[in-house]
Amino acid sequence: MTDRTDYTPAAATPPSRRAARDTILGLTKQDFSLLLVVIALAMLAPFLLNPFPSNSAMAQFNAGYPDLMQRFVIFGIFAIGFNILFGLTGYLSFGHAAFLGVGSYSCVWMFKLLGYNVLPGILLSIVVSGLFALLIGYVSLRRSGIYFSILTLAFAQMSFALAYSVLSNPAFNLTNGETGLQVYTSDPQWLQGDGPRAPHLFGLAMRETETLSIGAWNFQFNAGYYLCAVIMVVCFYLSVRLFRSPFGMMLRAVKSNQQRLNYTGVNARPYTLAAFVISGMYAGLAGGLLSAMDPLAGAERMQWTASGEVVLMTILGGAGTLIGPVLGAGFIKYFENIFSKINESTLHAWFSFLPDGLEDALVAIVYPFVGKGWHLTLGLLFMLVVIFLPGGLVQGGNKMATIFRRDRKGGGVEDDAATQRQAGE
Amino acid sequence: MEAFLLQILNGLDKGSAYALIALGLTLIFGTLGVVNFAHGALFMLGAFVAVTLSRLLQLSHKASEPSGTDFLGNPRYDDVLYVEDIFGPELGQALLDWAVPVSILVAIPVMLLIGFVMERGLIKHFYKRPHADQILVTFGLAIVLQEVIKYFYGANPIPTPAPDAFRGSFDFGVLLGFDPNTIIYPYWRLVYFVFAAIIIAAVFAFLQFTTFGMVVRAGMADRETVGLLGIDIDRRFTIMFGIAAAVAGLAGVMYTPINPPNYHMGMDFLVLSFVVVVVGGMGSLPGAVLAGFLLGILESFASTTWATTAVPGINQIIIYLVAIVVLLTRPRGLMGRRGVMEE
Amino acid sequence: MNILEVKNVGKRFGGLHALSDVNLSVAKDSVHAIIGPNGAGKSTLLNCLVGKLIPDTGSVSFDGQSVLGRKPHEINQMGISRVFQTPEIFGDLTVLENMMIPCLAKRDGAFALNGYRALMRDREIVDRAEHMLEDMHMIEKRGMHAASMSRGDKRRLEIAMCLAQEPRLLLLDEPTAGMARADTNNTIELLKQIKDSRPITIAIIEHDMHVVFSLAERITVLAQGTPLVEDTPDNIRGHPKVREAYLGETEH
Amino acid sequence: MTRLHFTRRGVMKTGAATGAGLALPIIFTGAAWAQEQGFTNAPTGDTVTLGFNVPQTGPYADEGADELRAFELAVEHLNGEGDGGMLQTFSSKALDGAGIMGKRVEFVTGDTQTKSDAARAAAQSMIQKDGAVMISGGSSSGVAVAVQGLCQDAGVIFMSGLTHSNDTTGKDKKANGFRHFFNAYMSAAAMAPVLESLYGTDRRAYHLTADYTWGWTQQESIAAATEALGWETVENVLTPLAATDFSSYIAPVLNSGADVLVLNHYGGNMVNSLTNAVQFGLKQAQANGKDFQIVVPLYSELMARGAGESIAGIPGSQNWDWKLENERGSRYIGTNAFVQSFGEKYGFPPSQAAHTCYAQTLLYADAVTRAGSFNPCAVVEALEDFEFDGLGNGPTLYRGSDHQCFKDVVVVRGKENPENEFDLVEIVEVTPTEAVTYEPDHPMFAGGELGECNPGA
């Protein structure tokens, strides 16, 4: 894992003069190889996430089915965007779910009004959430620290409460409340024509899935997933560019010392506002994609728990690192969708090779941590990660890399950088 | 007029719950500088101390003779309470009836201990860590605590009634010369309000009039200097954390008769208590208490019919709306100090 | 010609008159020191110049333009840079990155939405930042985390960052406070060098008379929020009012 | 040798670059060993997978756990294990205890978290990963409508669990979705005659209503039914779903001129609002010269347990109660058989949510067997206008025009002196089917279309 936000010069090799020349797509070699890793992970996900044959007991741990793969990359986008605000500027928004929700609603409204092509919906979700973020950001950024967090939380909770109740008033049903906004046959769909009656991109339905069976393995290739994956890669690339840009430098300066920045002739407010709006647009895009994959937008997407989830994803993965938030998103979604599905009979099936007494004992030990107990495992994971890996999962990756690398010194430098960054926050 | 008084009463009561939780939270959050997402869980644990005690009091063994048949047609044996065996039927029943108030005696040492263990075992390692890490670790802890409770007690609310003597309600209206039934108020809620007032006064007195309190207050203002004076501020902060946990726990114990407790009641209060603390102003105990009562009363007014008719949905958003208005007009909340948690 | 004109500036905090009726003129390309006992209002005056505080009365103009009501970053963009008493740098960033920020601020202004450019390929900025570091003999520290440097180096970096903006007026707030004699002398040398190598006005607030008399061309003595005298160093040295202000001072 | 094969779902417009780089022979097979094809997740091999999607975390986790118990029991019985439960009393004798159409029944479980998003994610995983042909469960209408819509699009059958909003088989009805549980309209219609006999026709009602879709339909239904009796609706106050303390809503009730309080709340909301109402002394109060009364249109055993002694004497309606056959006779045959096998296995009587989930599983299995196919369209055809008996509710009709079950509705009341925590309610009345039946185009159910059954791929 070579993920660093700092330009710590590697050992004795000087200067950026050389590094600057060796760029591909405007990225340094290191960043470019990280991008390649992300591309490879995204494109090969159907294989990578399905390591176990589908008839084996371990198949329970396979995550390579379209819905979950879509969620991985969509929440990855959400977290990448959140990290632009939180990781770079240190402003902790506790209301980012509002933008996810607004994006979702916008996209479904496009389905209702225009038709099932996902393009207008996705575009509108970015625009609307951007405007919404501009409004909330403009007000909230008048304060900093915890006061900023509570302002964003308050806006998001108000949006949630209103979407759940008042805005679903039959007279002007904007959100369809508890049920969630969805497309009805009576909706106008002016541009629908005879396209598929499900979300599609110029005729390619999002739910199209090809299954490749190799022996006992079933690999699923889903059109919607690949659309999301491509968008995620683009989002990731843009975020790397932003991290490495003068703009990104200013955002990091905001986090480091806002006073010095002001007395260096830089106006911090528009920078933080721009970061807020950009990350709001990422969130809106993620919301739009959620609706594009599954055309139903529920109000819970705006609840504080959803805002909290993206905060946890980012910190779990490693705030301020490039790939950390994506990893964090993957981890949390994996637990939510895989661990929650393990039930008592699954456990018995796993341990059935053991003598009866031992089998029951093992099941009794493991059972509280899976199925209805998946929250417990997630809570423990949060604690363990933050206690033992203060820089998040990325730091864990770096540690592993250090252990496996012969050149311990090189790894050590990286590790120091991560620790320093952590201490500086 | 009656409606106005009625909602003030309601607001004071809601407010006392908010104020108690916020008081403990602000001790930890505003003064130790730890963003404690497990504070709601402490409130919940307090409530379950009461539940546990009443469960223990209800422990029973089967009678030796069957008294009928059960729903499957098998012979049924009645339950006999151990507490009646030990204390005799009368005192046993009285103990059962007074389970919630009695729980206070149990809850104080239990919650202090939980607080000490939490601070020594976990929180103290996070004083110097970024807020993000504090959030992650305390949120993780909150989930673990509530899942443990869920494992033992299930997800359903558990009715935990007040003693017989405090059931029913009191007609304030008659006292003030209004018609009967205009301003009625449950006895237990009055008890809760008085209890909250006592706890709040005790915490203030403790911080104001004891040397311990003075040192802690000095430590809040400037931890390093106090440390340089050779005062062991760490140990005092541990005690402070224990006190905060006890205040949250007691708020939980006394809340059980008002609404049956369940394992996620802490999460329901978590966001709200942060809003209360921040509206009150970081690092200000009086601010937290003031904000608690203010938000409680405003919430009550917002739930009246005339308020919801005037602005549909106002009852859903009032707390957040007030928070926004306060924070925009008073940058550090009602009584916040400069520089606390502003970075 | 005066680059900075302070006229009749007053500032009160509650009942306390921090500044009253302050008049001050700093000549272009001079080194002007403002001295005075603790609590004389030196820092308050400085804060009024850079936009951190707004005076209750009077006017402050820089190069003929009023600075009143402008935000700190706007005043900085007019050409005033400030060095703080404790070095204010970007501790999380490397030395080179620290240097690039003022270069960017100089070129792109107070705000630029350039999120797609690669900063390290921006030759103009990188070269300029490296050049500044070379000038300040800090190039070998380019990759260091700024927070991990010595105090003297932090001060040097902060001054370098201010100079990178090519300010017309450099304000220094007790730049040698808490420094050892050797570091102090280095700083004096550095400032002399700066003064000699470019057209720049320096206003310095200082407690240390050694520093003041080594550098200043004119000195203003401030006491109890109001200017006592303004003169050349030689005249100030023996001035009775100054001695009274300093000797009669009760420690705060 | 390694076998490779591709299956297609829907119309592919592009050839995905799958298998590229794999130097292995690729064979496209339609149905090498599938017994059936042409619909989503056609079961191949000797097993069939059902998906049970219940809340396992959050406030309804206990209800979800009870549903899950019932599902496991149903699977046992379908596979011929245990005592067979209601299979013995079910009027249709198609099921033989050898799985469904000879295929052994397997199941997967998921957590809805009582959130539409999470519920759909869990259902998707059952459909896409585990190959489930039927999804069942849930304990709220928002989730039911969301999952029902998903199943319609994916081409599997949805047999809803606990969902009470009129919309599930009204505005949001779907051809692939079936509801065994009763609904808000039926609750109201069933309660009306009982309320009349208990409290008369001259009453003034004050409504507290949870401010979301289910609350609104519940309030609309009960207000219409009671107004038809001659009751007057004094006030309807909407309460936030997130509310935990209802004191400021309860306090003004006594002074409003009302003499009945109707709590259109469910779950934690109902537990707290009822507890608060009792705290405020509404149960002992007098208004307009009458005893003040509280009514909770929708009851559940778990809510009753949560509210404790507060529910004594409070009337409400249920889809089913485990004492039905004992107290109301053999019309409700099946009840005892189910209670017997559930009680033997778990040690306590089942809830109405458990009963509905058990019945839904049997009904699905039976429909498949009668249709002779797992094809959703065949199942829909077999279930539409299906009349059956012996599943505990008496004679029942699965109406074809909206996929709603019509059966008797139980009106219950909180017991004054419950003997244990499972015996909290007493049956007051069972309102017959005719009294709760409505036209499919009733205005409260208007606006939606069943659409065509969707077999998926």
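Read from first to last, the chains carry the letters A, B, C and D; within each, the first residue is number 1.
In the analysis below, a contact is a pair of C-beta atoms (placed from the backbone, for glycine too) under 8 Å apart; a residue touches a chain by one contact, two chains touch by 3 or more.
Computed from a predicted model, the values in this text were never measured in an experiment.
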Subject >> Chain with minimal offset from the mean of all protein Cα atoms >> reply: A
Subject >> Approximate Å spacing (C-alpha centroids) for the pair subunit B, subunit D >> reply: 36
Original post:
Any idea how many Å lie between the Cα centroids of subunit B and subunit C?
Top reply: 52
**OP:** Return the distance between the CA-based centres of subunit A and subunit C, expressed in whole Å.
**Re:** 45
Subject >> Numbers and ranges of subunit C residues touching at least 2 other chains >> reply: none
Original post:
Out of subunit A, which residues touch more than one other chain, so two or more?
Top reply: 161, 164-166, 375, 425
**OP:** Could you check subunit B for residues that touch two or more other chains and list them?
**Re:** 313, 316
**OP:** Select the category (line, ring, star, complete, other) that matches the graph of chains linked by touching.
**Re:** other
**OP:** Write out all the pairs of touching chains, ordered by chain label.
**Re:** A-B, A-C, A-D, B-D
**OP:** Flag every residue of subunit C that touches subunit A in the complex, lowest number first.
**Re:** 50, 71-74, 76-77, 81-82, 84, 88-94, 96-97, 100-102, 104-106, 108-123, 125-126, 130, 142-143, 145, 147-148, 161, 165
Original post:
In their complex, what parts of subunit D are in touch with subunit A?
Top reply: 2-14, 16, 18-19, 22, 24, 26, 56-57, 61, 64-65, 68, 72, 107-111, 115-118, 120-122, 124-125, 128-129, 140-142, 145-146, 149-150, 153-154, 167, 172, 211-214, 238, 240-242, 447-449, 451
**OP:** Sort out for me which residues of subunit A touch subunit C in the complex.
**Re:** 6-9, 15-17, 19-20, 23, 26-28, 238, 241-242, 244-250, 252-253, 255-257, 259-268, 270-271, 274, 278, 420-421, 424-425
Subject >> Residues of subunit B that touch subunit D when the two form their complex >> reply: 2-3, 6-7, 9-11, 13-14, 17, 71-72, 150, 154-159, 161, 167-169, 181-182, 184-186, 188-189, 257-260, 262, 264-265, 268-269, 299-300, 303-305, 308, 313, 315-316
Original post:
If you look only at subunit A, which of its residues touch subunit D in the complex?
Top reply: 62, 65-68, 71, 161, 164-166, 168, 176-180, 182, 184-186, 198, 203-205, 207-215, 219-221, 223, 226, 290, 294, 296, 298, 300-301, 336-337, 340-341, 343, 345, 371-372, 374-375
